[in-house]
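Each of the next two complexes has chain A plus one more chain, namely chain B in the first and chain C in the second.
This part shows the complex of A and B:
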């Protein structure tokens, strides 16, 4: 059959047109400030969500073992860096809703951080124990900081890594009982300051929101280790000697997360270990000011930004409950039952929403923290951590 | 002349192809977290900048009179709301680098704010005196709050407007000597709480970064007015009776901006009025702790996020100078000469850069605040205020 030349040409041009249309099928333009990722732990996926309409936008798979996974964000808010338990470091593109690149950089890892200038990613590794530094744009490895201690032949598990001002990362060495401050001003030549004998078995750490204090929790003894980053030559001092499991340890169902600490109005509120209490600590002298009885053993205690309240979740068997504490009166003002196995809570940056994950109900529930009304419920596959992109603009996450 | 049908069809399809290409010529996908706007005051324009590569991306014109202009950002970081002196409220699209929409909503205005949930824009007006509320998406007017006082026939100029948690806006009435708290939970029915006799002629105000305290500066007498938003029924109290021009007023070349106040480590540092000093105030009791001598009459005192320093600029004739104060030692550690008529300074959210505008040198200079090195210099037409999109994630801007 013979076709007219016009139709042949038309077919070619139509094909070109179709190719161009596919090529320019960019996702809709949008800002990145209201995006976030929810970890779907068992499935090795993250769910992309947005907080303006409170909806799920996409699911991104292929991230490996996401038990205890955490996420930090690029300085432009476009990329999330997912730290997996299996040593995987994955860069997720929030605008294209896809895995951008991924490296498996260790055998066993526990979180990471992004440098103050956004150019470096640090990962804290259990096996081999140490910190590895990567280029945030390419995930190219830049430096390796082995957590060698004692006679130098052993390596400690690294925990509680946090970014600090001045291109520094601060972290703790579990077996060594040390806190290290690594200055990455020259990314290929880390300058490490070691603080020794800081206490037995530091198991987690945090930096206060003002970027000034690094605090490590101790598993092997009572108390916490405090380093003033404004005055590091003063060394690490022990605070809150009564904080811990005590001389006759209580059964602890889950060691609380230090990273959730709330600080407001000159006081920090933090989960007691093994006790059904939240501790109030005055931050001028770091001494205990009060204890607030709560429903169970607290896991996270998180302050509402711009508010006078903190939200608390609990260890098993009380992990179907969330309580809200009024900080000035030091009293519980609300008890909620969001669902089974509440693992995490995340406020929007200005505090008008709080997102709560219920693992065993496969749900993320969004509350209005002023009225306690449920304003959205999103299906997710065994959700654990919730990480909003506004973390890009805070120190110490 | 006769053409073959094939060529006629080809021409049509080529035209279609070209139209499609133009239609899909979207700007490159990018995150919005590292964007910002610099006010080019005299020209009625803003310059779009980005802080990752530290470059200017575009200039957006048609914004009217931008003397004393300020900018807030949408919760997704895509739009900047520019408050002009001529009552113009302009919504600028940072991704498309264009004016999205604009209303002239009053004869004379002085700043505005965005509600906690990002849905409402409030503008503070001199003429007619009051606050007007707009839908952040459409700029449709939603509510009008006339600043009527006395017998109700006079209207005061509104100054020092700031967003507060709970969908509230707080602002001061200059001629009335009042502070009003407007609750916009129902956007068309503002609920206003009036605090009277707060002091003579409040001229500016701020909310502390924790969202708790609103503080108004007084032009007509010494001292400041403080409202604890956690405990508003306690009313407004006067603090820092020595803060002001004094009994025999000094010549004041420029009233300092309260909005620049730095708060760090339990202390606020603020510009003295008319004196070549920066005041240190302890925030637990709001009493004066120290005075730090500086180069000139301070205008802005701005804390480095995550740092131990504050940057200070000065009124004419010392406005070619910026000084850096170390807060723990309360001493000046650096004096810089960025250019002529330094009007504003803005830190990136995590404190690794500071942007400084030099109006009379038509330049914006970017410093590394750790080394004080100049790391970029951008041409701008008589730049004044610098506003980064990370302001979207903070309370009280």
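This part shows the complex of A and C:
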């Protein structure tokens, strides 16, 4: 018998060693591009999900009161920053499926944003009213922007915070009727530009995907407030003034959300407040192009990537329904009943799936948006917001 | 604040005695109680917070309601408050149920 050559032995040993190492010591490598987090609002947890096999991978607890929670992602897509109602700011590691760090930075918060360069986290607070800025890596506090108005002693609740190009954050002051633009080029010295008298009770805001226009929805009057960030010196102007045409608005049992709005083919579609309508606005002149009657008062109007259709959910008591609007024909093409209390919808980046949360059925339902077929159903405890990691790469998310 | 409370008192005076007597409102049946608690926590919670500590709407924890008049609170629940985001809930609640909800909030919402 011939002896095996030394190189063959070495190769076998190396292969065995590699197998042992991979099998025992090293977790399987993966990216985060198909991961996401689903808020379990009552339990203070998030569910880590993946959209390739459409499964839940883990549950991460200890995030506090998530009654109104939202999430932004680090620029490498590894961490989700969870903004909780109780002022908690939690950094969740998607790869290790655990809470990485957490601070409670205010008494009552509504949401947040991440800066263009990914190094700053801004949190919008109700109590004390204002915005606080944190280091995205350490969650160390860097700056405080009190939302003082009037004689300077009152503080407004901050709503509709959005990131804008140039290390800026734009947000609205509910009681004050103002829009502020904070430049955080120097993170410890925010430079704030105030726009006053923008309208009564701005309740939410959004920034267009190109980062140019910030729009605040108004609760206290018909219309929206528009700020062109390319020409901020022109000030804020009112758009769609009087879209209610003087009619008494319906009582609003859940405030609409503007973030995640739909824009396509030169048109934007927005939820009308206090009306069972979706508004279509042409984005060249920001005037009303049409209004589409829908099942209830819209909460979210979410564009399908590509912009051909928008999915709409509704406020209590019509919240068991989702409608799909075909934007070219401006008509409802599908009405779905995913479950009780549908709170949110989220598309995958390329639009081949849409995830829908049903709070009162404790389920997240995944649809094929082309066929409307249900392709997966995942158990979740009172799910609300669904946030996929592809948000990491989009302005305004 | 003053305006609606005066209005509430006038309205209650006109409408006669309300369901919420000294002994507290009659409790709804058990299944309905569970529905009401769910509605308060989840749907009122949209604005007031799941733990009732406040949000766009004011806090509704016992300490925040201690010095408020039960009949006025019941009126606000049923009829909303003009000039604010508080809608009327009378479509979804009877007078007696609204009174029961107010008592529930004043005692603290059960877990």
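Following the convention adopted for this analysis, the second predicted complex is superposed on the first by the 362 of 397 C-alpha atoms of A that agree within 3 Å, B and C clash if a C-alpha of one lies under 4 Å from a C-alpha of the other, contacts with A are read in each partner's own complex, and residues count from 1 in each chain.
As a working rule, a contact is a pair of C-beta atoms (placed from the backbone, for glycine too) under 8 Å apart; a residue touches a chain by one contact, two chains touch by 3 or more.
As the structure is a prediction and not an experimental result, all values here were calculated from the model.
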**Prompt:** Taking the superposition as given, does A:165 touch the first partner, chain B, the second, chain C, both, or neither?
**Reply:** first
**Request:** Figure out whether A:234 sits in contact with chain B (first) or chain C (second), or with both, or with neither.
**Result:** neither
**Request:** Considering only touches as defined above, state whether A:29 meets chain B (first), chain C (second), both or neither.
**Result:** first
**Message:** Can you tell me whether chain B or chain C touches more residues on chain A?
**Reply:** B
**Message:** Touch test for A:373: chain B only (first), chain C only (second), both, or neither?
**Reply:** neither
**Message:** Quick check on the superposed pair: does A:127 touch chain B, chain C, both, or neither? Answer first, second, both or neither.
**Reply:** second
**Complete:** Overlap of chain B and chain C contacts on chain A, residues none
**Item:** Complex contacts: residues of chain C adjacent to chain A
**Value:** 38, 41-43, 45-47, 49-51, 53-56, 80, 83, 85, 87-88, 92
**Request:** Could you pull out which chain B residues touch chain A in their complex?
**Result:** 4-6, 8-10, 13-14, 16-17, 20-21, 24-27, 29-35, 50-52, 73-79, 94-96, 116-118, 164-167, 210-212, 230-231, 264-266, 283-284, 304-308, 328, 348-352, 370, 389-390, 392-395
**Request:** Spell out the residues on chain A that touch chain C in their complex, using ranges where they run on.
**Result:** 41-42, 65-68, 85-86, 108, 110, 126-127, 157, 159, 174, 201, 203, 219-220, 251-255, 316-317, 341, 359-360, 382
